[in-house]
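Naming follows writing order (A, B, C, D, E and F), and every chain is counted from residue 1.
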Amino acid sequence: MSTRGRQKASDRLSVLAVGAHPDDVEVGCFGTLLKHRDAGHEVTVAITTRGGYGKRTWNQIEEESKNASKILGIDYIVLDNKIGHYEMNWKTVSELDDIISRCAIDTVYTVWHGDSHQDHRLTFQNVLAACRTKSVRNLYCCEMSEYSYRSNSTFNARYFVDISRFIEKKIQAVKAYKSYITPKHIDAILGLARHRGLACDTEYAEAFEPIFNIWK
Amino acid sequence: MSTRGRQKASDRLSVLAVGAHPDDVEVGCFGTLLKHRDAGHEVTVAITTRGGYGKRTWNQIEEESKNASKILGIDYIVLDNKIGHYEMNWKTVSELDDIISRCAIDTVYTVWHGDSHQDHRLTFQNVLAACRTKSVRNLYCCEMSEYSYRSNSTFNARYFVDISRFIEKKIQAVKAYKSYITPKHIDAILGLARHRGLACDTEYAEAFEPIFNIWK
Amino acid sequence: MSTRGRQKASDRLSVLAVGAHPDDVEVGCFGTLLKHRDAGHEVTVAITTRGGYGKRTWNQIEEESKNASKILGIDYIVLDNKIGHYEMNWKTVSELDDIISRCAIDTVYTVWHGDSHQDHRLTFQNVLAACRTKSVRNLYCCEMSEYSYRSNSTFNARYFVDISRFIEKKIQAVKAYKSYITPKHIDAILGLARHRGLACDTEYAEAFEPIFNIWK
Amino acid sequence: MSTRGRQKASDRLSVLAVGAHPDDVEVGCFGTLLKHRDAGHEVTVAITTRGGYGKRTWNQIEEESKNASKILGIDYIVLDNKIGHYEMNWKTVSELDDIISRCAIDTVYTVWHGDSHQDHRLTFQNVLAACRTKSVRNLYCCEMSEYSYRSNSTFNARYFVDISRFIEKKIQAVKAYKSYITPKHIDAILGLARHRGLACDTEYAEAFEPIFNIWK
Amino acid sequence: MSTRGRQKASDRLSVLAVGAHPDDVEVGCFGTLLKHRDAGHEVTVAITTRGGYGKRTWNQIEEESKNASKILGIDYIVLDNKIGHYEMNWKTVSELDDIISRCAIDTVYTVWHGDSHQDHRLTFQNVLAACRTKSVRNLYCCEMSEYSYRSNSTFNARYFVDISRFIEKKIQAVKAYKSYITPKHIDAILGLARHRGLACDTEYAEAFEPIFNIWK
Amino acid sequence: MSTRGRQKASDRLSVLAVGAHPDDVEVGCFGTLLKHRDAGHEVTVAITTRGGYGKRTWNQIEEESKNASKILGIDYIVLDNKIGHYEMNWKTVSELDDIISRCAIDTVYTVWHGDSHQDHRLTFQNVLAACRTKSVRNLYCCEMSEYSYRSNSTFNARYFVDISRFIEKKIQAVKAYKSYITPKHIDAILGLARHRGLACDTEYAEAFEPIFNIWK
């Protein structure tokens, strides 16, 4: 009944995670999404681009992505932008606006503004623009193992989520991308989670860079 | 029973606000402290230095501070460090450790690390050291009208708290420092709260720079 | 005849303010522009995009903009770029080059490079490119209430202009955008000016992030 | 009689330069001080520490400093703090307060907050604290050739002063420190001035990091 | 046979310098490229755009560029993108991928991410994307005299290369661009090299902002 | 004979690692020190403070530290400053000066300037001051798992060292601190090394923030 920290106890958070490509959400915030689900919150996932990459076809990627999404128990929304030809534009902002409005989203996780991959940077910019909607009270960027060091910016980890109870399912989801993910990726993802876990005095954690938080 | 956003519904946050001088807490986060109280959270306030300043004696300041603290309904803890001769040292860290441990503090608000006033910068450093205690899950710096622009750093406002229901009491608390506070201060404090209120789509808000947040 | 601070006494500054949309200049630097006028300086205003937005038609916006511009007593130059489809390109840089050269501009105010709105970020980039012209000795970004907190950067306020004598006319100009501006906007704009005013030991001020200043 | 840019035409700026050691002011802002003098402004110089360093005695340094100060035509104020044992404290802030108040200082140049030398960092902190005085409207940090790269921060050059007419006298002043300054120093100082001169489309310039500017 | 610092003694570094326009490489890192050559390393140079600029035709620029490249004794690779219409895209990334793969590049120098010229910023982004290739172990941005101060970012000089033995040839290469380069440019370039030389306790140096370094 | 990348092939690097407390060097850069040793470089280790901490006596810590140092095969130098009462002062800088001069040190690793622990921040400041010595050409800060997130700054990882061949000995050295180190620490240290290893396309790496590098 009373306010408890950042949200009313009666709040059932409505969370949106936006990746640039399938696997961004699994690598970046899957444990946190599972934790939100476990807490009774709504979870929606959107991917801003589609298309094959390197030797992997879109069919293959899409199938792997579906296997990952089953672990969360929802279907991902995949926007119709061609991978590598993505742009900051009003069309994508509008599509994100629609999702945010339809699902009354209050909490958003997305890829990092400083990432070396342009699809990631542009996805961030589109998400940021869509988050002007008044319902959105929290916006975070995800930390990802592989590309974050190849950047002229520095990931500013300030928010840590204990995902110890969800680490197995996170790894299972990442492994769904079997045409791409190697044991070295898994080791790095587990390793980063261990490292961030120390911050929470726990086993495994995911870290985020907060863009804004509002306690209404 | 279920997790709700950043804390368990069963959580009753235990909040500590640490000022360098009386009036820091009133100017920086009094609305947010009232909101925590209203939400049923524990609130503790500590001041790291004591002593007269300019033409104001400590007796005068202490009395004004007591009048302000009555609005929150608690007694402030005043550490025994002489104003202007404050240091970063283990004695103060220990005293803060004791408060954090005794009150099982999980959420801390304090003055800004980039402030031009050395008592503020050193208070931040001592608080940061004390926040190594595992119980602390949230640490924020307060935004203050008067000195923040005279700095070589920039206040990084990322967390906004709607204090519309508490603005009157906040102003009342600030006005308790009647030997010091002028109408111009009140206008600036109200003005900043209006400006930050726009971020929350509300009337009045306080802004904070987050140092870390943990969702356990 | 002698040099006085940053410019020769014989200098009559020639000021250009560049907004991305009508109302940017009114919200961001109208008080400062009025102060420049009052000091006998030339003032030119350019808007980089045109077009309706949300439910507001361009006709409506243009008429409101004209009403605002009358308070400054000049006509705004509106470049022919479609709102939301604006780009960083040589065409716009050329058009700004022409204005800077024709009016012998030495001082430029524009929107903030870190703003969440892409039209603002791109306008900044085009203005920055145009400011390579040797006549330009001062470049500033404006602080705006509404969007600045929704960003991954932080507005670095370092230059403060006392606009106490011009606050009424500034508010009058902002109110000209009657199809858009609400009392909450006015409160936030006045509030921010009060807050920044404390920095100047005055009633109302506008704040800017300096990009460069040259004292020749 | 009218306002001209940042200051009233009737303004006769009153400038204070604060070095940590003799030679800081000569290397960092001597050209700009000469330009202020040439423009009819008051110029005051203070040094925060005294004492021999390496093989150089204080007598030697003091004499060299006097020779340099003659070029500016004023006596430097030397505070009584021992070199290398300098502290951030109220005593020094008070002494700077007195100078600022006595000379009605409005414009201050000092050493850089990010310098690797602790005397420089502490001098900056003391100067910043003293600049809370309302008369001070401009505060800048100087760029210096020798130590600035050995730092964990980055000098943020934003203000450039054309000193082409004063470069000879600046070099003459630097050379006054003959027990210390080598041709390599002179080359580096001239080189930096050439490099910064390109920003002003001129021959020689000094660069500064602005902390704050106020146009009243 | 043993490892020596950052690379195996048996390593013969393979260096790529990428400019946005002819003359970027000469101004930014020509001394360092000559030093690599002198150390027996492979050096490759690529330019991402072509086309006339201002009053200079591409024929003229190309001829000047060839004269400069002769000093290094290699032919530059010029990609087929029109100056001023350059984009961040997969085509350019692919072309850079090919060069990196063909020449087994391990060390890359390019233009600065914070430069005011969009061709420079976009070239950096494309180079950064291409540097995801595993063979690349070092990526640096070059410091350039003319535009770096007209930016909202700050060049973060951390890597310094003593080019005293190569300064004459560097200046000769820069002078090859005789339709553009004036004595003022030469003075500024020499001046910056003198200034950075002080960091190396030498006569002339080039400075770089490191993006990443790997010691395998 | 010829120059190879950053140093002459004839160079035998002389490396100094400076910790604030025993275990800093093991956690932060032990793998890299072992790699330097393996490459035939000189390695020296200094600790700036001594004293018991929490329930651990200095005797206990010293013995553990000796066990760790045996793995590197050298004795650590322990300066005589009391833990927690450490200061930035000329005495410590002098002692570091002596070590640097005696061992002709060219490469220095130390604790991070932004660490929440004051002994770490002050050790960095003292080391930075000592690194003004001309022989020092490389200075790096170490990344450490436990405290780095509790800071108002962000660790800027740019230099990565593949330590796969040395990870076992690093872990063995960390485990020498048996009165303090728990399996959770080991997991976090291994995890961070795995995460940073991905940057090098290898198994395990240590990351550093470069302060400066010079190629003479």
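Keep this in mind: contacts are C-beta pairs under 8 Å (C-beta built on N, C-alpha and C of every residue); 3 or more make two chains touch, one makes a residue touch a chain.
What you are looking at is a predicted structure, and each value in this text was computed from that prediction instead of being measured.
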item	value
Relative to subunit A, chain with the most remote C-alpha centre	D
Chain pair with the higher count of C-beta pairs in contact (B-C, E-F)	E-F
CA centroid of subunit D to CA centroid of subunit E, Å	35
Between subunit D and subunit A, distance of the C-alpha-averaged centres to the nearest whole Å	50
Subunit E: positions in contact with at least two other chains	149-150, 158, 160, 199, 211-212
Sites on subunit A touched by subunit F in the complex	145-146, 149-150, 154-158, 160, 184-185, 187-188, 190-199, 203, 207
Subunit D partner contacts - residues on subunit B that touch it in the complex	84-85, 116-118, 147, 149-152
For the subunit F and subunit D complex, residues of the former touching the latter	88-90, 113-114, 124-125, 128-129, 131-132, 139, 141, 209, 211-212
Partner subunit E, residues of subunit F touching it in the complex	2-7, 9, 11, 13, 32, 35, 38-41, 107, 134, 158-162, 199-202, 210-216
